[in-house]
Amino acid sequence: MSGTFSIAIDLLLNSLVLSGVFLIVAMGLNIIYGLSRIMNMSHGALYAVGAYIGYSLVATGVNYFAALIITPILVGIIGLLIERTIILPMRKRSMVYTLILTYGLMFFLDGMIKHIWGNRPRFIELPEFMQGMISILGTQYPVYRLMTLFMIAAIMIALMLLLSKTKAGIIMRAASTIPEMVSCMGINMSYVHMGAFMLGCAMAGAAGIIAGPLTTIDPLMGGEMLISSFVVVVIGGLGSLRGAVIAAILIGFVQTFTEFFITDLAMVIVFIMMAVILAFMPRGLLGEGKFE
Amino acid sequence: MKKIVTISLSLMMAFVLMSSQQVFAKDPVKIGVLVPLTGIVAQGGLEMKMGIEMAAEEKGTILGRDIKLYVEDTQVKPPIAVSKAEKLVYKDGCKALIGVFSSGVGLALASNIDKLKVPFLSTHVMTTEFYGIHPLVFRSGQLANDQTAVGNVKGIMARPDLKEKTYYVLVHDYAWGHDAGQRFIDLAKENGIKIYNEEYDRAPIATKDWSSYISKIKASGVDGVYIAFITNVIPVFAKQMSDFGLQGKVKTISAAAPGPLELEAGGEACFGIFGASDWSWDVDTPASNKWEMAFWEKYKTIPSDAAAHSYVGAMNLFNAIEKAGSTDAQAIAQALKGISFDGPYGNVRISAKDNCMRNSAVLTETMAAPENPFGAKVTMKVLHTFTAEELGPPE
Amino acid sequence: MGELLCTENVCCHFGGVMATDNVCFRVNQNGLTSIIGPNGAGKTTFINIVTGKINASAGKIIFKEKDITNKSPHELVKMGICRTFQINSLFQNLSVFENLRIARQAMHGGSLRLFSSKQSLKAVTQDTWAMLEKLGLKEMAARPAKNLAYGDQRVLEVAIAMAGDPKILFLDEPTAGMSPAETLHISKMIKELAKDICVVLVEHDMDMVMSISDRITVLQNGGIISEGTPEEIRNNQQVREAYLGKEE
Amino acid sequence: MNSTTSIPGISKRFYPLKIFAVILILCSLALFPFISDNRFYISLITEMMIYGLLAMSLDVLLGYTGLLSFMHNTYMGICAYAVGLFLIHISPTSLWLACFAGVVFTSLVALPVGWVQVRTGGLAFALLTLAFGMMFYTIVWKWYAVTGGDDGLMGMPNPDITLFGWHLGSSSDPVNIYLFTLTVVTICFFLTRRIINSPFGAVLEAIRENEDRASFVGINVRRYKLLGWMLACILASIAGALFILYKGYIGPSTMSAFAGAGVLMMVLLGGMGSLWGAFAGAFIFIYIQDYISTMTEHWEIFLGLFVIFLVLFLPTGFAGLGDYFKRFRKA
């Protein structure tokens, strides 16, 4: 009996961890899309950049928790550079062109990762107390994976506080519903777009360093995460932050359980769900999706 | 009017560029090298390229002519590998093709060899379908799946603690993975080794997060796992197994040798991987030590079996062209049958019967590395050496 | 003259807001009926419901004794219910000629001909030229719609609706943003149209409405507050309150 | 000028010159395999023509109906697999029957997908093509028993090309395949040009310009979007049949999202809204991708920079007609 019970706990915790990572990545994508209507195809690559920067920081002796703070900031700065150089001139262009531009950016970032860090898989050296196992309700579960849940919860709370309490957060939320009105109130929209893009990239970086120890850090990790985050964002409703929370949990559980029971068709089911939502509920689960 | 100008301009440019490349230098012997430089196995591909380049440098000249290597990136995608092979043969005029990491790419090339009409010597393709597949297609590289299965099963039978275990079989979902998994299961059942899932599990190559597979292994309660993964992914899987606390409890047996650099990255979590493979730098023979130091001086990276296979394969090819006395495809093919070369892992002979190599091999287990010039922390300790006859297949 | 179209207590609400509240509206074979009312009275919403742009939450719409509630726009247009839009909605990059020709072709049929050339639909091309002639847009036939002056674009908007051989034509503020001269030109054209087909005009320009309408319906908060000839409406107490607010 | 049946706006100037340019290009392409016996360029140009046909089919969807598809290569892949499986399992000699079966099968698959696709528009349509594309990609990749999974289809026979009993040559010889591809692609090009300039094509352009207004002019928008989708998918499936005859191999990587975006770039490179622009885009993209990847291991960096440069400084593509896409532009 204890066998199936411990499997259930394993699966439950694995699903929560996967949902958490999807949530942070999808949030970043949604913030960028919600505000400046840009579907950032290079979001996966920025997630990988975050993982690699985290690895390098920890490898050069920086404490893991310090790296946890520094990495999103660094990736946010990279996001700033990207936004000011190639996204800004694209502001007035149609959605298709920004899609292809960020697609080219994905190629560029993947290539740079390979150039700087090479092809070898990398592992982040976790602090001592995080490496062990802990028994939960009778089953052994890695400490780090539990820590991930807390870290993700902390990031989400910080994001909620930022969006609801701070001035910048309120401006961003307002701009995502009616951009024109915000610019009429004398707020320089170009700074708002810049802030949104930086925040989105920082979220991708944070997801990267958190997911680093969970999966493998290698140049291809970006590509898969991009497809999964698209699925989550679409099912939650494009640009809807609340929708992304529900969709991330849903997809995290569906993917983990289907991979456990019917390994082959796991991803097919996920894509069928995406297709059904897009065709019959384009505004997403909560109906808050924004299309143009 | 503007449209017409742009289209005729772009076509003229294309024709000019194409025709300008027929320049004739003093003609060296051109060899096409097909290795994956991007994608999941980029590290293995890089090591193969190093092995071949080292062989070319060591060989110097063939039939008094220099050796010119044309390297192309297959990206582990069969359609791209086929177009690159066409480019190497038709455009660059290569007289032979060498390399190729994955069975999928190898089989795609083999099915197009009639168009290419040049000999193709694979140095890392392990599928058993290569035995006698085509008169122009040869293998001189990593042990084939059947040979590895024999090595692993003999290794398990020789150890009482491993013999009693029940094994969970998990493979990468492509031709090589299925072949390796099926071979081991058939041979294990013949020898009475218990297999938990005879319908072996298949994981996508791009899998990064092994947690769902590991929970299945944990749930099944097995005490052994047989994995047929691409070399670079083996240490990653071992690391996640140890993260989930299974390193001590579940013994990992691998159908392929793990890459040395990945072992370094994995560190202690990768200890205890058991498996048969051609070579590891722990092999203590004069030829092996000499080659290791030469490789270390040249590339300053830990010598790997991928580099060793490709080095030996390249030497076999160069010697065959020398023996054939010409770069004609049929002559080279004829010379390749039965040719042999004494390299880091002993004598490697290409059997005339099925164009595939026979060579001795070692049974290894990963553990902490002794003092070594490469600064390696993890080694593949040699437990036992198999003779070529032991591994077969019979000739 | 028989009744052409009538709506029986049509309602439509977005969430809590009751945009159209039990509207019963009747129109005859021809003549010009105007719908007026303060901003937000639900004029455009009502037209959107009748022309199929949005679905009615309740009530029925009868056209020539047939129930056409919530039918899709293209079916309604085929039946002769055409409309223009408050904000210009043209085929921007297509030429003025093509804007009209595609409307004629959609009505005339022949859109499924894959292999014959556009010119092969002779009747369609001739009708389009005739229409351009009538509306004085002939010289600009080859220019893309986006390069036209705003006034001409409004005329083209009406022309496209006309190309559908409408039995009943809904005009949504055709004179919005027009100079007095252009407004005069358009109202003369509308008066001309109303002779043989039924025209329903939604407008703010009071003196234009009063001068050319046969009947006027006044909407407020989604419901009809009064109907009648222009004179009755001019001195109707409720209408004045609706517009000018109650005298305290 | 304004006779009652002429249509203004179609420029008749330089018409003879245009015909001459087209004939010149076709002849030079037809004679190329006989001039230079370098088989690499013969197969490279065959591949360029096949991807040109695929890019043109995407342009019918994107440049003429205003519908963006991320993975239009899915339907090329499905047809290639269908033709391959037909030749391997049913009859290894009947080439035409295999191609016909492949195209019909792909259309039967594309119809229900199209019915769902046309319920959406704009970005939702694009993301839906990504969802369906990835679904078919995963099915093909996982169905190891039938499709050979990641290694693709093995053991493709090379049937002879026969026309009404007249034996033209075996499909294993690149020159025959080159000429066969050239004729099929040229026929498809002129047929598509004819359809684009027909009343049906006019309806598609009206939908691209203003979908809302189109339904208020009496056009059943969903039906015509579906027909436009089917036309694009049939052309893509023809490209799929040609691909497997040329390559003798089909694998999941040809149907991947990565390859899908490549086709999209060919259309943008060549300039949307011009059929021959798609071919120019395909020629240039494949040449650059082939050329860069042999130059350096890190070809991805340069391809990325090239795309960014292209979008920033040359948005309308080489054929200069990209502004058909004004409709999406927010200005």
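Things worth noting here:
Per-chain numbering from 1; labels A, B, C and D assigned in written order.
Note that contacts are C-beta pairs under 8 Å (C-beta built on N, C-alpha and C of every residue); 3 or more make two chains touch, one makes a residue touch a chain.
Just so it is clear, the structure is predicted and the values come from calculations on it, not from any experiment.
Using the mean of the Cα atoms as each chain's centre, the chain most removed from chain C is B. Chain B and chain D have centres, each the mean of its CA atoms, that are 37 Å apart.
In this assembly, the C-alpha centroid of chain A lies 34 Å from the C-alpha centroid of chain D.
Computed centre separation for the pair chain B/chain C is 74 angstrom, with centres defined by C-alpha atoms.
The distance from the centre of chain A to the centre of chain C, each centre being the mean of the chain's C-alpha atoms, comes to 49 Å. Shown for chain B are the residues that touch two or more other chains, namely 38, 202. Along chain C, no residue makes contact with two or more other chains.
Taken residue by residue, chain A touches two or more other chains at 114, 223, 264, whereas all remaining positions touch fewer.
Every pair of chains meeting the contact definition is listed here: A-B, A-D, B-D, C-D.
On chain D, the positions that touch chain C within their shared complex are 2, 4-9, 194-195, 197-200, 202-203, 205-206, 209-210, 212-221, 224, 323-324, 326-327.
Interface of chain B with chain D (complex): residues 1-4, 6-8, 10-11, 14, 18-19, 37-38, 72-73, 77-80, 82-83, 86-87, 89-91, 103-104, 107-108, 111-112, 114-115, 173-175, 178, 202, 204-205. Residue ranges of chain D in contact with chain B, taken from their complex: 14, 17-18, 21, 24-25, 28, 36, 38-41, 43-44, 47, 141-142, 144, 148-152, 154-156, 172, 174, 247-251, 253-254, 274, 276, 280, 283-284, 287, 290, 293-294, 297, 299-300, 318-320. The touching residues of chain C, when paired with chain D in their complex, are 51, 53, 72-74, 77-78, 82-83, 85, 89-95, 97-98, 101-103, 105-107, 110-122, 125-126, 129, 138, 141-142, 146, 160, 163-164. On chain A, the positions that touch chain D within their shared complex are 39, 86, 89-90, 92-97, 99-101, 103-112, 114-115, 223, 227, 230-231, 234, 238, 264-265, 267-268, 271-272, 274-275, 278-280, 282, 291-292.
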